[in-house]
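One structure, as structure tokens, below. Some questions next.
Naming follows writing order (A, B and C), and every chain is counted from residue 1.
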């Protein structure tokens, strides 16, 4: 049983890699080749798609804009979610259960209908077409996600840990930073990746709240799909490139996620 | 299972979260509610119509059909992705160089913008020029998702499993990582089998994390729009017209915001109700 | 029940240890006799938990052998060593009832159900858990859960040794002494070898017949609580045990007797001045220092009244010395003379006692 254990993740990863390979190979093909006939690897290998992206300012600015608001949002969401999750996990207070569930309800509405109201709201506060607008708007769904996940991990840490620390003379903040946070490292790692991811791939609000200055890749990519028909090769190249920042993020938090395992399973 | 102390000052810890989320939630919500009970003839004149739109939607055959499709789709998705995700998390390496490799590779499908996911699978699954399409047809099946409802369903489900299972894997893996060693040590001393360890230690300790995974997948699959829309357009016919797709069709097709807004609210309430049921079911036995 | 022998045990968590610091356990040769109640005492990081895990089989030592009754068990896995371990945080199977928790180790070994029932009730009775057998384990308080952990260890009749890794850490103070007494009582009843790891000297000294003091990966002394108190073999033992700890004063050896800043102190025996020794110290506990008509001249700095006696802090040429004075004995106002009980005055070289 132990010997075939590695087979499971291996098969799964192969399954995942097949369409990704397909995506990457599409990015090196011309749209004609993609739609023309089946080819396992690019017959007419071309870097044109990538060249377009790297040279066209709307494209590469798009990446920077996206990165900006996504990073802003991730930092913001995680930092406000931590104390809130701690409160939900350790304390009872007026309306706590309802508040907790209400947070999740903000992820329960299909965003399409909210596009216009969001546009009006952020225009009214003068934030239209700024990365800050998108960063704030994404708080709608990312903060509840962060709070819920963090609370889940925090509840797994026995309260006795807090009390032992206080007896040992730790102040609250020192305990929180030096003892508590390392204990929930896995949760924090996962939350950082997920908030990054959900903000990164969100297209509708990102498009609605920006026009020129803060235009994210989301907008540029949907443009590719609509205006001149499907520029598939370009879309594939853009898609491939969007994977990279997120890959960095998960690489960055990999040790946090697996931390518990590394702590010495004897 | 934590013994919580009552402390109203905890509200200060929660306040920033409430402010940021409510700012984004309440005002747009009010706007939608506003529209859902009015009628406009497209020239910005609004007439209060009460519950007319709600009744219309709730009685519509079309809505029922879309709802049924949606429920089936979500049901299948959950039945596949949750156990599969947990199984993979259990089997994944816990230490060593392969951990990084696995984590990064598994995260990749999650990072692709959803319209690209739909587009790439669209080509990928085409019977003549797509790798998957050719493979399946090569195995002797007659497969064409643009024309066969069953194939369309199969492809959509496969795409979703490919796209989202890693979310479950990552959550389950992180949850497993948080189980203190002492439990495994005690189990070893007690002579527990691997199955006992899973059933009495791992699964219970992952309960909260799994609940989140179920809720997330439930909500997101219930609202799914971009990927299936780009993949199949809701077709063939309306075989894969899930609730969101139907909603957008209605919204675009008519000049009235009323029905769309009403449908959104009904939609929201269905998700709310089902989520609440899931949550309560999974979290019973928690609070004393 | 078993005699446990640790033969030349060394352990390092690092794959290729280089310096002495890389070794968590430096060199241990210890015999724990059958049925004894032992405490493994030492500060955090001294290697107690490592040692415990070596004995229980959760950790395989880098070097050396572990013997149970002269049988080499170094390569035998934990579940076959017939040991039980109680951890710092209560480890219970939350989803099971208390009864099933206690029955678990027996059922895993295929014990017939009627025997299981009898045994579980026996142990539950010993631990005052009978009333809770039907409740879910998750609902119990911390001390209840620790009792369950303990019970799971006791329920197996073939247990060689029971190990406790700071088990009272999460227990409320007023319940701590209750559980401590319970453990002592259990030891009388069950007569299994028990090893109790702690950094709390009170726990160690009240529970154990013999205390193993560890410091920095080494065993510095094994003895009864009285032995540790009267004749600490290492300055660490002197300092760690007793409240306040032993007084340590720098000294030289003149004619076989310690001399502190020119003032000669009496010991029961003359000692050899060791060759090439670094640090020479004379140690005596505050309990064995008293005011006298003549002796070492000191200035009184502080007097703390702690009820039945007073802790007096005095100074001789900027060296602080503490002594305990019973409440009916007068303390000089400003200056006085100290006498040291000669049987309880020891000389140490680089921390180790000279004899």
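Going forward, a contact is a pair of C-beta atoms (placed from the backbone, for glycine too) under 8 Å apart; a residue touches a chain by one contact, two chains touch by 3 or more.
No experiment lies behind these values; they were computed from the predicted model shown.
Participant: Return the chain whose centre of C-alpha atoms lies at maximal distance from the corresponding centre of chain B.
Facilitator: C
Participant: Point out which chain occupies the most central position, where each centre is the mean of Cα atoms.
Facilitator: Most central by this criterion: A.
Participant: Name the chain pair with more contacting C-beta pairs, choosing from B-C and A-C.
Facilitator: When A-C is set beside B-C, the one with more contacts is B-C.
Participant: Hey, how far is the Cα centre of chain A from the one of chain B, in Å?
Facilitator: About 15 Å separates the centre of chain A from that of chain B.
Participant: Using the average of all C-alpha atoms in each chain as its centre, how far is it in Å between chain B and chain C?
Facilitator: About 55 Å separates the centre of chain B from that of chain C.
Participant: From the mean C-alpha coordinate of chain A to that of chain C, what's the distance rounded to whole Å?
Facilitator: So the centre of chain A lies 51 Å away from the centre of chain C.
Participant: Mark out which residues of chain A touch at least two other chains, giving numbers and ranges.
Facilitator: Within chain A, residues 158, 264, 266 contact more than one other chain.
Participant: Quick one: which residues in chain B touch 2 or more of the other chains?
Facilitator: Where chain B meets two or more other chains at a single residue, that happens at 1, 180, 185.
Participant: What positions in chain C touch 2 or more of the other chains?
Facilitator: If we look for residues of chain C contacting two or more partner chains, we find 58, 89.
Participant: Chain B touches which residues of chain A in the complex?
Facilitator: Going by the criterion above, the answer is residues 1, 5-6, 8-9, 12-13, 15-20, 22-23, 26, 34-38, 40, 76, 80-81, 83-84, 86-94, 96, 99, 101, 103-110, 112-114, 116-118, 120-121, 136-137, 139-140, 143-145, 147-149, 151-153, 155-156, 158-159, 184, 186-187, 189-190, 193-194, 197, 200-201, 203, 217-218, 221-222, 225, 230, 232, 235-236, 238-239, 242-243, 245-247, 250-251, 254, 257-266.
Participant: Would you mind writing out the residues of chain B in touch with chain A in their complex?
Facilitator: 1-11, 13-14, 16-18, 20-21, 23-25, 27-28, 31-32, 87-88, 91-95, 99-100, 102-116, 119-121, 123-124, 128-132, 134, 162, 165-167, 170-171, 173-181, 184-185, 194, 205, 208-209, 211-212, 215-216, 219-220, 223, 225-226, 230, 244, 247-248, 251, 260-261, 264, 267-268, 271-272, 275-276, 279
Participant: Can you list the residues on chain C that touch chain A in the complex?
Facilitator: Counting only chain C, the residues touching chain A are 13, 53, 58-59, 89, 142, 169-170.
Participant: For chain A, which residues count as touching chain C in their complex?
Facilitator: Of all residues in chain A, those touching chain C are 158, 160, 163-164, 264, 266.
Participant: Per the contact definition, I'd like the list of chain C residues that touch chain B in the complex.
Facilitator: Chain C reaches chain B through residues 56, 58, 77-79, 83-85, 87-89, 91, 93-96, 104-105, 108-109, 136, 138-139, 149, 152-153.
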